[in-house]
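A single structure is presented below for examination.
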C-alpha cells in the first residue's frame, strides 16, 4: 500500500555512528593532550607518606573553634552570606527566565541571537570582575556582592533555562498554540509545568554555588563567610577556618535538603 | 458513586488556595530580613559620585591592551587554562558518573513496590549523596592546599582540587537531570527485569543525553573561569591574570582578557549546540 | 463553512508522503467521521486541518480563511476557533485537571487572565460543568498523572468543549474508553456540535460508532481518500476493502499455529468481521 | 637536581616572576642546581609548600615566616635578608583630596589592608593601630583585603576604600615609577620600624647547600654591574645574614593583635 | 501457575482505594480478559501483577513465587519473565524502533550486551521478526516519534513478544488500532501464548474482542471483581450492569439537548447497546 517505503533490509552496519566515534576520539585526544601539556604526575599521590600527610592537614582543622563569641560572628556571617546569595539568585532567576524565552527561540531568530549573546556576555564576565565593577558602582558592601552574583548568575540561569525549555517535549505547548493561545500563556500552561522542577533545581543549585562564591567576593568587602574563610585560612587559624567551613557545609546541606523537599513536593519521585 | 451529590454542588473554591497563600506570605515575610542583611539599596547605583567613578573606570577599558608581551602571556595563560579545565573535568567525570548513577532514584529497582534491598539501596543512595555534598561543600582552595602538601605547587594540585569539587557538582546535577525527565521508560525496563545500566541507557539517556552534555560543556566553561582559584597554588592561567588586572584596576588588560573569556564562552556554546544536535 | 481541502498533500520531514491528492469539503455544522487502517494518515489529516502542519501541496481553507496566508494575529484568532482532541492528550502530567481545562480557553482570554488562573483558578464553575458532562466532576482538583487512561482522555475532550470552538477536530477521541462511555462521550460531542453549530470532524477506529453517530464517512488509506459517502450508502465490501490490505500482510503461519493450539473453536474463523448494522 | 623556589604573592605574580628571573639565573650558576620558580597567589600555599618540603627556598614576609616557623616547629630557617628589611615600615594612605589628617580621624571610614597574611600590609599596621587605640574590627565601618600592596593603592586611589595601608618600599617604588594611582594618594602616617622580609629554607635542607645559597646572596656586590641590575630588581642595596630570633617581636605583636592563637 | 491473588487490595499514595478484595487464580497458559468501565482499576490490577505496585492488602503470587518475599536478584529474574504491554507505550521518543524492541530483552541479556546493542544493534533479525508479525518490518530503523499512534502501540506489543515472557500482561493493547488490525494483533498475542505456553492476561475495552479471543472474562468495577466466568456463561444483562452505573451518571440535560437538536434520529435511542453476539 505504500510504494514509497524502501524495502526492509537489515542495514545495521550503515547505522554504526561514525561521527559519534570521531567525536569521542576527539574528546579523548583533548583530554590526553591536556594532561601531557600540563605535565601532571599524580604518582606521588599514591606514595607512602601521601595519605598521612593529607590526613595531618585535615587533622589540623580539629577541633573547630566553638567559643560563643566566634560562633556568633560565624552565625552572622552565615546569615549575611545566605542573604547575599539568596537575593542575588532570586534576581537572577527572574531575569534569567525573561531572557530564556527569547533565547529558546520563541520570539524569532533575531531576538534569539540577541538574547543569547547577552546571556553569553553576562556569563563570560566572572563574578569577581562584576564585583569589582559593582563596588565602584554601588560602594563597598554586600549590595555590590548581590549585584555581582545576580549579573553573572543571570547569564548562567538564562542559558540553563533556555536549554531545559528546548529539551522539553513540545506537544503540550504546541497544542495550546494550536488553540490560538498567546505565546506566554501557552508557555506557562504547556511547558513550564514540565521544566519547572528542573529549573527550580538549577536555581537552588546556583544558590548553593553562590553561597560558596561569596568566598571570592569576600575581599571586596561583601563580608560574610567568604571573607572569614579567606582571612582565617590565610593566617593559619585552622580552628576558626574549620568553624567557617562547618557553617558553609550546613548552609549547603540546608539548600540541598530544601531542593530535595521542593522537588518531591513538585511531584517527582 | 458519590460523585452525583458533588455534581450538584460544585466546589467553587480551590482546595489549594490556603496553602498557596500561606507559603507566599511566609516567603514574603522571610524575604524582608534577607533584604536588610544584604543591604539592598538599588538607589545607590544612581548616586552621581558612584556613576562617575565607574564611568571613568569603564573608560579605562579602552583601548584594550595589545602589547606583544601581554598577548604572549595571554596566549600561554589561555592554553594552560584550557588544559587545566579539560583535565579537571575529565577527572571530575570519573567521580561524578558512578556516584550519580548510584544516587539516582529513578534507577533504583528497590523503589518499585518498594521491593527487597531497599534499606541497603537507600543507604547507598544516601551515602552517595552525602559524599557528593561533602566533595562540593568544601571550597576548592581548601582541597588545593591539601594537595599542595603532596603534589607540590603547580597545576597538579589545582587540577585535583577542581576535579573533586566539580565532581561533586556534576554528580548532583546529573542526578537531578535524570530525575526530572520522564522516568516512565526507565521504570518500564526495571519492571521487565532490566538492570540499572540497562534502564539508564535505554530509558533515561535517550531523553537526557542532550541536557547532560550541555551541562558538562557549561561546567568546562566554568572551570576555565575558575582558574583564579588554581592560581592560588601556582597553576596560573587566565583567572589569575584577570584577578591581577582587576586588582590593579588596569582596564586595558582586563578588556583584552574579558574578550578572551567571551570567545571561550562562545566556543563552548557552539560546541554544546553541535553536540546537542548530534544527539537529537 | 467548516473547511475545504483541494488536492492537498503532506510530506513529512523525512520525506515520507503521509497524504496525497486529498480533496474534501465539510460545511458548517456538518459531522464527518474519517476511518482507515493504522498509518493511513488520519492523524496527519487532522493536524493539517488544525493548522499544526502546513500542507506541502494543494490548498487548505479553514473556517473561511487560508490559515497560511493570514497575519500572525489573525492566525491566532483563527486557531482559537479550532478545537483539537488529540490521540493521547498532550497535558503536562503535573498540571491539575482544573488548570488543564482552563488551558482550553487561553486563546480567548487576555494574557493576564491566563496568568491569574494559574495561581487561582478563575472559572471553577465552568471547568466543573465541562467535566460533569463526562462524569469527572469529582476529579476537578486532582493532578493529571493520578488519572486513569480513560479519565485523562475525557479531560482532553472536556477541555475542547470548554474552549467552545467553531470546528471540533477529534483524533480517536474515545480510544481509551469502554463501549458505554465511548458512546456517551461521542453523544456529548455530537450534542455540542448540534447546540453550537460547530462542525465536527473525527477520526475513529470503532467503525460501529462512526456509523452510528456520523451521517457522512470518509475512508482513508495510504494517505488517499478511498471513499467519501453518506453513511447510508456505505457497503460492507467497501469496509472490507478499506482494511483488507493489512490483514493480508500479517504472516500466515503464526495465525495457523494459533489456530492449531487454541482451545477456542472460533479463533480460526474469519478474522475480520465488520457489519454495518452492528451498534445501530 | 632542582632547587624549588617560591615567593609570597605580595605583588602581582607575573611581576614576581619577572623580578626573579636574573636572581634565578644567578643562583643556578652559584649552586649548580636547576632553579624552578613557581609564582602563587596565596600566602598559605607557600607555607604549606615549605612545611611539606615541596619548596626548598622561599621569599617570606616577617609574619609569614613566623607562621612557617610555627608550622614547622621552628625548623624553617631564615638565612639572609636585605638591609632594608631590618628597618621596615608601613605607610597609611588616603585619597589625595581626602580631608583626613591623622590616624584617629580614620574611625568610621572604610579601610583597605593588603593580604591578611602580609606583615607590612596587615599585621604590623593592625598592631600599631591597636596600640593607638583603634580597633580595626570595630572602629572601621568596613575592612577590605585588597590582596596585594599595589592593589591597596589602586583601592584607595579609586575611592573604593577611604584609607589603606601598605609597605613603605612598595609605595616608594610606585612613586619612582610614576604610577598614576600612587600620584592620587597622600601619606598620613608611618609606622615605627620592624623586621620584615627574608629568604627562608625548608626544614631538613642539606646544611652545605644552605651555606652555598646564603653565600651566594651575601656575595652580591652592587659595584658589579650584573649584580647591580639583579639587586635593583630586588630593591636591595646589600644582603645581610639574619636569624630566627629577629622575628620574635613580630610573633609577640601577632599574638597581641590576636592573629596567632 | 500463572498467578494468584488472594483478597488483594491497593490503596494509592493519595489514599484512593483502587482495588479491594480481589481474589483471582490464573493457571499456566490460561487466557483471561478483564473488562470494566473507565477507572475501574484495570490498569492498577495489571501493575499489581507486573510487580510494579505492591498490594497494600492481601497476598499475591506470580509465576509460583511471592514477588515481595524474593531477594533482589530473584525478583529481577522473575520480572524478566513477566512482559507488560502498557496502555501508552513508555518508549523515549528519540529511540529507534530496533532499540526499543531490544529493550524488551534487557532483563535476560548481560549488561554489556545491552550497552553494546545501543551502539550497534546486536539482534536485528530477531527485532525484524517480531515487528514483521505486526506489519511493521519496514519501520525497523525509524525513530519512534515518527510513528503513528497505532504503529507505536504495535511496537510496544512486539517488544513484549520479543521478550518471550512466561506471563503476558496487556493493558488495552489494541486501543489505538483499527478493528481489523486489533483483531489480528490479539490473534498474534493468543498465538504466542498458545505457542510458548505463556499465560495471557489482558484488559480490554472492546467487549466483542474479549468475547471472541478469551475463554474466560473478569468484570471489574469500582476496584472489585463483579464476575469471573467462562465466556459462554456471560449474559447480556451482566455486561449491562457492569457498565450501567456510569451511563446513568451522565447529566441528563446535556443528553436531552443533543437529542433535541440533532438531526440523527438515532441519537436519542438507547445509548448503551451491548450485544454479546456481536463480533462473534
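For clarity, chains are labelled A, B, C, D and E in written order, and residue numbers in each chain start from 1.
The working rule: contacts are C-beta pairs under 8 Å (C-beta built on N, C-alpha and C of every residue); 3 or more make two chains touch, one makes a residue touch a chain.
Here the structure is a predicted model, which means the values were calculated and not measured.
Chemist: Enumerate, in label order, the chains that touch chain A and chain E alike.
Modeler: B, C
Chemist: Between chain pairs A-C and A-B, which one is joined by a greater number of C-beta pairs in contact?
Modeler: A-B
Chemist: For chain C and chain D, what's the span in angstrom between their mean Cα positions?
Modeler: So the centroids are 81 Å from each other.
Chemist: When the centre of a chain is set as the mean of its C-alpha atoms, what distance in Å lies between chain A and chain B?
Modeler: From the centre of chain A to the centre of chain B is 3 Å.
Chemist: Compute the distance, rounded to whole Å, between the mean C-alpha positions of chain B and chain C.
Modeler: 44
Chemist: Counting only residues that touch at least two other chains, what does the list for chain A look like?
Modeler: 20, 53, 57, 136, 141, 169, 197, 233
Chemist: Can you list the chain B residues in contact with two or more other chains?
Modeler: 1, 3, 7, 53, 57, 141, 145, 149-152, 182, 243, 249
Chemist: Among all residues of chain E, which ones touch two or more of the remaining chains?
Modeler: Residues 93, 249, 251 of chain E touch two or more partner chains.
Chemist: Which chain C residues qualify as touching chain B in the complex?
Modeler: 96, 98, 119-121, 124-125, 128-129, 132, 135, 137-138, 140-141
Chemist: So in the complex, the part of chain D that touches chain A is made up of which residues?
Modeler: On the chain D side, the touching residues are 42-44, 47-48, 52, 63, 67, 70-71, 110, 115-117, 142-147, 158, 160-161, 259-261.
Chemist: Taking the complex as given, what residues does chain A use to touch chain C?
Modeler: Touch list, chain A to chain C: 1-2, 4, 171-172, 174-182, 184-186, 188-191, 193-194, 196-197, 266-267.
Chemist: Under the touch definition given earlier, write down the residues of chain D that touch chain B in their complex.
Modeler: 4, 6, 12-14, 38-42, 44-45, 48-49, 51-52, 54-55, 146-148, 150-151, 154, 157-159, 181
Chemist: Looking at the complex, which residues from chain B come into contact with chain A?
Modeler: 33-41, 44-45, 47, 50-51, 53-54, 57-58, 79-80, 82-84, 86-87, 90, 105-106, 111, 129, 133-134, 136-139, 141-142, 145-147, 149-152, 155-156, 159-160, 169, 172-173, 176-177, 179-183, 210-211, 214-215, 218, 221, 225, 228-229, 239, 242-243, 246, 249, 254, 258, 261-262, 264-266, 269, 275-276, 278
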